[in-house]
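So that you can tell them apart, the chains are marked A, B, C, D and E in the order they are listed, and the count of residues begins at 1 in each.
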């Protein structure tokens, strides 16, 4: 069984690394975004491999589903896509290479230094901050009777089951949970304000009925002389009209 | 306001808008005089408006009329009606405004151009009606065939927009002041105006369209 | 912030919902229409020149091809103009048959128009199929009377080409019997549908005071609240013998126009019932005997002069203008096509609405390209 | 649905509804009253139609729901008599004689000009024979308007009910006489009443024409071998018998709706013509007075059908166009005619 | 399944691999067959609704019509528009189809369960989110103004209807307690006979069904929300530049999404696979598959029925409808679900002392009270939101003062 998992693991990691690399290499920025989405999907597959379906599903939902759309929209609506103009390498490319290599070293050295992954021993949750270690150790033993999850007698316990996360949101991490929801709310309201303000500033095109009503109210002009056939009130006037009516 | 019957409009226009009516009497170049008479150029000013009976036909023209020879090659040309209000081209917008504001004819039904090569003119017929119903009024404008120019009434009557474009496209009557003075049916590079009587009909053989530039056959 | 510049979109000429070959060049800012410019001429056959080459009888065959949805009303208008110029007297029975055929053609047109309107809104054809089923039944009647379903070539100067057989009268009565139930079905299916209300209320509004200036006619002007119907404004033929109402809208939007069309179908049904009752007592034969022979019709020579006659077609005021020089074909043969004139208001009506509304507003004007391009 | 009729405030003079009935404002659905029941009603209608289209069929015009489809190749709609699709020529079953006498009426009236006829010639005398030698209709541009069917004085050309005409051979669309000929029994089958109305007249004219057709000229091509050169006795007898039943005066048949004194004058003219004398009545073209003188438009010289003088309102009977009369007379008669015409012009000038 | 394959290969990992492969092919084959059945139901159903016959020429009752269509689309020429983004143009249908088929991994066909992960419901919604990436790719790569507009609209619609869809499922998950689809179905097998315990028959479940069904119609681009390929305005939306095989894939993906939606709705709200006699060992599984298919195809017929009646919503009305009608309803439904759970299950220690008076958790009296309370809340909320929308105007154009 381990052989197949090893095979899948190396395959996935090759996919993620390759698509990561392609994000940087490829010229067309839309292609770069698509390669990024491919790497997100790869990471989601990793989570499934690690038997953490909830995190995997959330990864798909959040990253592949929503954030990628956000990026694509942003790219499409802002600037010219096919990047012929931009040249690939700066004059002093070697400085960038050096910095990249340094960072990579910082990451790779500890993993090589501690050969064994801090995998949880039997029954012991993984490396958690000291303060929660006591609380964490209590939970698995006295799982609430009512909702006994159909727990397959998997060898390793659920590292991060949906139930665990849900409970911890409401228990230890209640404060960060509320603060982050507040943050999201602020972001939402910001988006609405920007969209709303931008919509009103745009030149409002008057329909025929509104024009007739405006003409009647602004100048009290009788309708003996109907409008110019396909002429339209000069933008300035309609602008003033809308502002005044608001 | 009361409905006008046929002849009344002429009298009313004469009284209200002096100079709006078109006094000229077109002559028929082929001598087909059944409905026309000599152009009294000299009494332009003191033209007798009143007589609406068709003018008497002079001797030789009637004889000619008899011979069926004339009837054969040149189709007889319909008479130009005298009793309707024939308006001078440049005064048309005023007459139209007068009709709508003072007489209450606020619905323009039809703008038609009719080509009379025999009289050398194009007559554009305007049919005005009341939106409440009842018979309408006809206003005619006669313009020479070579430079037919009638001021457009589209700024006041948006309904005439497409009709005037049809008259321009098929008859070549220009309407200065029209908001979108372009051909309606034909493509823009088309030369000539198809509904004119002298537009050479080629039956069903293919019409070799000459591009402006090349002037060549195809 | 985000600077949006205007986009030029071509709707047509090959477009599923432009009712024929017709192109609309729309300049769009985001989803809102800024300017709309119709392009005509794709179906132009110079119909008016044909009328000048052919004799009066031959021209009847091409008047069917003007508004090919109601050939009966086109012929009725044309024959009335020629009869007015040649002062041919039409017997009473012929007048009744003509009114019956015209009103049947009006029902046919409105049923199909409402079907197409819903189709443009994306309702996948249910209303269109119901409307077309009604149209099929009427076209069977036209087929047994005129000889062909759409190009009926049925009316002659002084009357009609063939009399109504008793079997046919019975067919028409059967149709009138089942028609009210069809209208109730049609109304219950759509007219209270929330999505339809949302799509058509306050869309493409033509204010009442501007409607007359645009010289739009038919359901478009009646939708805006002006009761202008030639059958009532200048009664022709024997319309003054029938009691019928003129439906009129209040706001002048797309929804009103289609309520007016729905109501007009009811009124046509009312006229038809009265006409079928009075038909047996109508005197005279189906055609003026002096003009019965086809050779007489073909050789008809109108006296020099001109005539302009108007008929209430389902699309609006259909006018024929004939100038005759005494020969047997018209010197000038002009047609006032209601579909063409109603299009003048399209640009101003669509301004300020979205791209999806253009198609709905165009559907509410109900144009037929045969008549627009002539 | 219709609210109470509400009279418009506009001036009533023009819009007085003579037949009754006023103006009704259509009732609009108020917003805020519907929570999806509009869509529910629509769905009820559709599901009722769904159910009914399994059980019943729509066969007559009054029922509104049920299966409406006619599956074309298997089931077919029955066509009404007056249905017209493509013109065909008729020939008598027994004698094989075609009714067409190539009078060119249909060729002239056909709007798209698709009928092409060449008249048959008598092989030995070279004179024209009342039969068509070649009769071509271009089926691809014929619009089946039925005008030829209506104008044919001999009921020779009739509108067929056959609409499966698709072919991949474009040239075959120019149907010649062989392809156009149909026996009268065929037309009688598809349009019994229409044929019954015109049969007597058609058969009588056929007999007259058959007499003037030598040899096999007027026979439909494929019938030439089959029919023995049956003397027209049998057919003539039948037609003759029918003709006898009607009043003897064939002339009256032509101007049947004319007043007696006009018939008398016509008779006199005809007698004079037979005797070769000049035309007693003065011939002048009625001036196109405003009142239409429904002058018959038959300008065709060689038509033997005779002019059906129209009930001209002006006293002088319009004896048809001057040109037609002048052709078959000798030159001295022409000179005399010219003199008369000059005198008329002088007299006319003073009118 | 694993044991069987082990017998053949004797090697553990190969057996699991093959077993999962067989399950996947079984799902794909059954899915495509059902998809063909769906196209047939759609065309004949719509036909009979309009008093006409649907396709009845190819095979008995027109059953082979979908096969004929498949052959036609596959043999059609497969063009890529000039200077379009070739790779992205090619990949878009792949992404769309992949996301649709992936959703089937979790949907149980009656008692036959492909795989049971404990986040099943969330997985379905997550995978359908990937669908929008495919639409955007298709719209952008076709290098055609109409396709781009169609793509943008499709994405906007899919995103704004995803939220009510997820929130309506939240209340069901709260009812059941677990996100696994199998548990949700199991929860509907409760003692009071099989039918009444379906989720749809509780006021909470009913409102969540309405919101979920309408939101899924939009997700599957079914009328009245088929804006992306609104023929009358934008020709064929993002599918404009696709022909031949790629169009067949898009078409297949569209119908598979619809089937997936019907299957999930049947499972979550109508107790997919539960029916009288579905618990007998051998015959029961067959019966449950039959029940599952019957419910799904019945729901698909409702989709066709709606398609025959309603016109299309304009894009701005569509957005209003999602954010101002469905979303509030979904939130209110979550609140009433919590009330439902509180009244029925909680006792004194959770602070619901008064509920004790009504009897043991899950007793009839408690359920009745819960019924009344939640029913009132939901009905009032529905009418309130509907009235607010109607007067405040789902339509963007306010009723201008009537000109008369």
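Observations on the structure shown:
As a convention for this text, a residue touches a chain if its C-beta (ideal position, glycine included) is under 8 Å from a C-beta of that chain, and two chains touch if they have at least 3 such contacts.
The shown structure was predicted, so the numbers you read here are calculated from the model rather than taken from an experiment.
Put simply, the chain nearest the middle, going by average C-alpha positions, is C.
Ranked by distance of CA centroids from chain B, the top chain is A. Distance from the centre of chain C peaks at A, each centre being the average of the chain's Cα atoms. Interface comparison, C-D versus B-C: the higher count of C-beta contacts falls to C-D. Rounded to a whole number, the gap between the C-alpha centres of chain B and chain C is 28 angstrom. Inter-chain spacing, taken between the CA centroids of chain A and chain E, is 24 Å.
Taking each chain's centre as the average of its CA atoms, chain D and chain E sit 65 Å apart. Chain C and chain E have Cα centroids separated by 45 Å.
Shared contact sites, meaning residues of chain E that touch two or more other chains, fall at 49-52, 308-310, 397, 399-400, 403.
Taken residue by residue, chain C touches two or more other chains at 126, 133, 189, 193, 195-196, 201-202, 205, 207, 209-210, 213-214, 225, 232-233, 250-252, 304-305, 326, 344, 348, 353, whereas all remaining positions touch fewer.
For chain B, the set of residues that touch two or more other chains comprises 131-134, 156, 158, 161, 180. Chain C contributes residues 37, 40-41, 44, 46, 48-49, 210, 212-216, 226, 228, 232-234, 304-306, 308, 310, 317, 319, 321, 323-327, 331-332, 334, 336, 340-341, 343-345, 348, 373 to its touches with chain B in the complex. The touching residues of chain D, counted against chain E in their complex, run 31-36, 39, 42-43, 45-47, 49-50, 52-54, 58, 65-69, 71.
Residues 77, 194, 198, 201-203, 205-210, 212, 223, 226-227, 229-230, 232 of chain A are the ones that touch chain C when the two sit in their complex. Here chain C touches chain A in the complex through residues 1-2, 4, 29-30, 32-35, 202, 205-207, 209-210, 213-214, 252, 344, 347-349, 351-353, going by the rule given at the top. Those residues of chain B whose C-beta lies close enough to touch chain C in the complex are 35, 75-79, 81, 106-110, 112, 114-115, 125, 127, 129, 131-135, 138, 156-163, 166, 170, 180, 183-187, 194-195, 201.
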